[in-house]
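Shared chain: chain A. Partners: chain B in the first complex, chain C in the second.
Our next item is the complex of A and B:
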């Protein structure tokens, strides 16, 4: 009887449901995060039995002595700005188009979503081949068009490499935004759309004053996910350029990995990870709070 | 059988089993190495281990294979514990193998070198790396690799090159002749940083000479003070601008090889392993090679070594196993699986391809070696060396700035 009373307590039920996930979260997410922050105050190569405490030296070094850190920082900012603008815009356009009653709509939705389920490293392998300046698809097409002399070194030129990698990222990620927007578009109240049309609104008017406001929550989700995934961009750049040429496509996440797992400077790699974490929180938290307040005001 | 006797027999059997386990555990060896490159390699290793165990009753050899990065990480993890291998594979040189030696993970093998007389049995060029570490001799060579300029004989002829270059200036003159004939002189793949690095390494050896080149790589000489370092970067820039088949920063070494065998470039700077690849491509007759004419009488190359761990409980057995691996009969049996040539100088070669035979002559000719940059430098300096080389060869950094950047990084490190 007493056991039943305990189990029927809503607080007990809550903790029973949350407990296992919380334990896993603490062990596999919170603890490693704290461990990285702690490790960033040490100099350690993974070989020495003792880690040498160096305080903030790793941070000072990456900010003042590391010739690649600020390149990686700038690239991460560029990648993030491009990621929150281009793939969501293309995804929204595709969602609006594929929401229309056109022939082969479901097949086209599947086709546009397909790249999302391919592993980024496989996408990188495919695109690396297409970008090959001698044998690649793009070079061959340009040659057929008589533009062979103008085939750029897509992944070998420091001016083009980052944007070439980003094009591959757009191809892979746009389907994800499209699916989220498609779900949002299908939830738009049809009676509101009809009412707007009766009031004389054209296609743009319906989109601007009915569809777009209804997509506000979806838009927030898409943008927050885009920001987070772009700040930690790693695999596709690693697979396409490895950070090259001459570290010109380095990203913060990739540089942290390189420092820790290839150069085996775990302190410096951890410091870069902590900076990346701080930047992510500094961008995402204010945006989410601003958006939350806006939604509360709208209600 | 009564219950009591059954229990007694079981206890006796258990005791014997336990004793056997203890006995065998005293004679166990763990060997960490990279994944086998082929099934033939896996088969020969299985046979060699089995033969050694049969010849040494009670001995158990356990081979643990990993990918390159996993292997490096596993050794680092093991370094902080009492566990780990008795023998581990690692490249030779101060950069890769030397890091583990410096950390005290490698056992000095001087007494085993004397006991097993490895100096009498193995190639001097391959052995030279064992002497470069402070505090004694470390590791035993398993394979030795030389790198040289492979050239397309027809393209050389077409460009009017009638004799092979004897020094660096003649090398540049040859490249200029090829350029004048509309033939890209050499091909590299820039996405793998170490490929273009080879060109910088041989230029440094040519321009600085052996002693100064070593001092620069050991970071005891200042890159910004040595005129030959800036001159080497200037030469590298010149090669990037004039002689390397472009574009090259967006392709890798495999694609560079494909371009070479497609007659798109006259030369490639590769190792002795290329002979097999040329054979598969049906280009053996069309290609020859020569060591880059640096004028220092040292061969460009590197070696794979097996090191005995300082934490090994059975260092004598580990050394015995390494002696077995390096021995003439085993090297003779494994020839072709470990490499086309052996580190053992007593191995007899039968029907060799002409280029393999030429490589063997080269290995026996040179007594000294200069290392690839990525195996000479510590890892962080290697990463910066790659960056600066790529910037210079792409024309994005002036040679004068390159030597400053290199020295600044080294100074900041200390």
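Our next item is the complex of A and C:
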């Protein structure tokens, strides 16, 4: 009886439910996060039993002596700016279109969402083929259109590679924001749309004064998630260009990985990761607080 | 102010027809209530006047101008929705001025109109609040304010009081009616609540299954319903109906149990006809001696009156008694039907046979 009484205690039940996940989070998320901060103060090749304490040297080095860090930083910023503008805009346009009573609407929604469920590394492999200047899809299409002489080296050119990789990212990620926007658009109060039409609003007016304000929460969520995923952008770039040519598509997350796992400078790799972590937290913490306030207000 | 003329209007969704050729004439400044049970097509009809639904056939004209193909914004109408439909991100003042701003009216005029409407509706202290900070009644008033500032030809109300509690509903009912008297604008008002219809309307249109059953003033509908549907729909508590065969020689109605219930005198040519006899609860009187013998089933005192459900020859009747009487369940209660207050309807078609007892 006593055992049953303990098990029926709501606090015990809560810990029984949360406990296993908490252990996993602590071991695989919290500990590595703290460990990486610790490691960033050392010089270590990942194999030696002794780590040499160097204080803030790794940070000073990446900021002052590592030109690739700044390239990666700039690329990550460009990637983030593009990610918060293009995929959400395309996603919103698709959601508005797919909210109309058109034939095959559900199938189209599935088609547009499909790339989201493909592994980024598979998307990278696919797009690498399509970008092949000799027998890739895009080159073939341009040749068919008589533009064969102008087929660029999509992934081989330092000027084009980042944007070519980003196009693949848009193709993969747009379905995600589309689904979130679609859910938001479906929640728009129909009476409000009708009231606006009677008040004299045209299509743009209805969008501006009814649809868009109703999508404010969705829009914030989409933008914050886009920022977070851009800051940690790794796999699709790794699969498409590996950071090249000549580091022109290098990203912070990829550079941290390269420093640690390929150059075996774990201290510097960790320092880059900590910078990335700080930037991410600067975005995530206000978002979490906003979310919490919103939930409290809803209650 | 404007007239609204609805001529042979039909509405179909694919093969399904929901409005079957409706004709209604609404005069300048009239308060017309479209009333009927759920699914009768009243809201659809209102939305067709507003331009929110296409008209499958027939015409709707506002001030003699056919508006079938005009956008809602070009019909010079304002609509108050059941759920208020206030823009949540805008303040009360912004909600009220929105239509005028879209119409590029100058700011001074907008301010003046919003202030005037706010004064009429007692909204002045709320002008800077957002809809979420208002009570249901306040939101309803803002929705009306939004309609008033536009000074439209026609106000359309779509069950505007349904989301309010009973007390507020009565208060808002009076407010809307006094507003109409003050502004004199033509109103088309949809409700499923016949009390709302009776208390507010100059003219009631009773709709059922996409057809007009009767159009008339509240008292015309109450006193002379053209068919059994209107008779049963208008009035609360509802009219009582007894189905049976007329026995004119006995001034009675032979009901299913074989008993003959005294209903008063009717023309002899109706003898043997199967009818439904209707009598309103307030036209049933408790008598001291004689009358019909009933057995009391349910007693519902409301304070001002008492509703008594009684069994007479196997049929249930509701009587509305205004004087205080010691009545209990199981009592035997002798009743009579007031002379000349009965209604006869053909049992098959439901159409009225005689306007009141003894009158052809």
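Methods note: the second predicted complex is superposed on the first by the 259 of 299 C-alpha atoms of A that agree within 3 Å, B and C clash if a C-alpha of one lies under 4 Å from a C-alpha of the other, contacts with A are read in each partner's own complex, and residues count from 1 in each chain.
Simple rule for what comes next: a contact is a pair of C-beta atoms (placed from the backbone, for glycine too) under 8 Å apart; a residue touches a chain by one contact, two chains touch by 3 or more.
Remember, predicted model here, so these are calculated numbers, not experimental data.
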First (chain B), second (chain C), both or neither: which does A:192 touch? second
Would you check which partner chain A:210 touches, where first means chain B only, second means chain C only, and both and neither mean what they say? second
Which partner reaches more residues of chain A (counting touched residues only), chain B or chain C: B
Looking at the overlay, does A:200 come into contact with chain B only (first), chain C only (second), both, or neither? second
Please write out, lowest number first, the residues of chain A touched by both chain B and chain C across the two complexes. none
Can you name the residues of chain C that touch chain A in the complex? 50-52, 71-73, 77-79, 81-83, 85, 87-89, 98-99, 102-103, 146, 150
Chain A residues touching chain B - in the complex, by the definition given at the top: 45-49, 61, 65, 67-68, 131-135, 152-158, 161, 241-242, 244-247, 258, 261-265
Chain B - residues contacting chain A, complex: 69, 72-73, 76-77, 79-80, 99-100, 103, 105, 190-191, 193, 246-251, 255, 258-259, 264, 379-380, 383-384, 386-388, 390-391, 394, 396, 405, 409, 412
Chain C touches which residues of chain A in the complex? 189, 191-192, 194-201, 205, 209-210, 213, 216
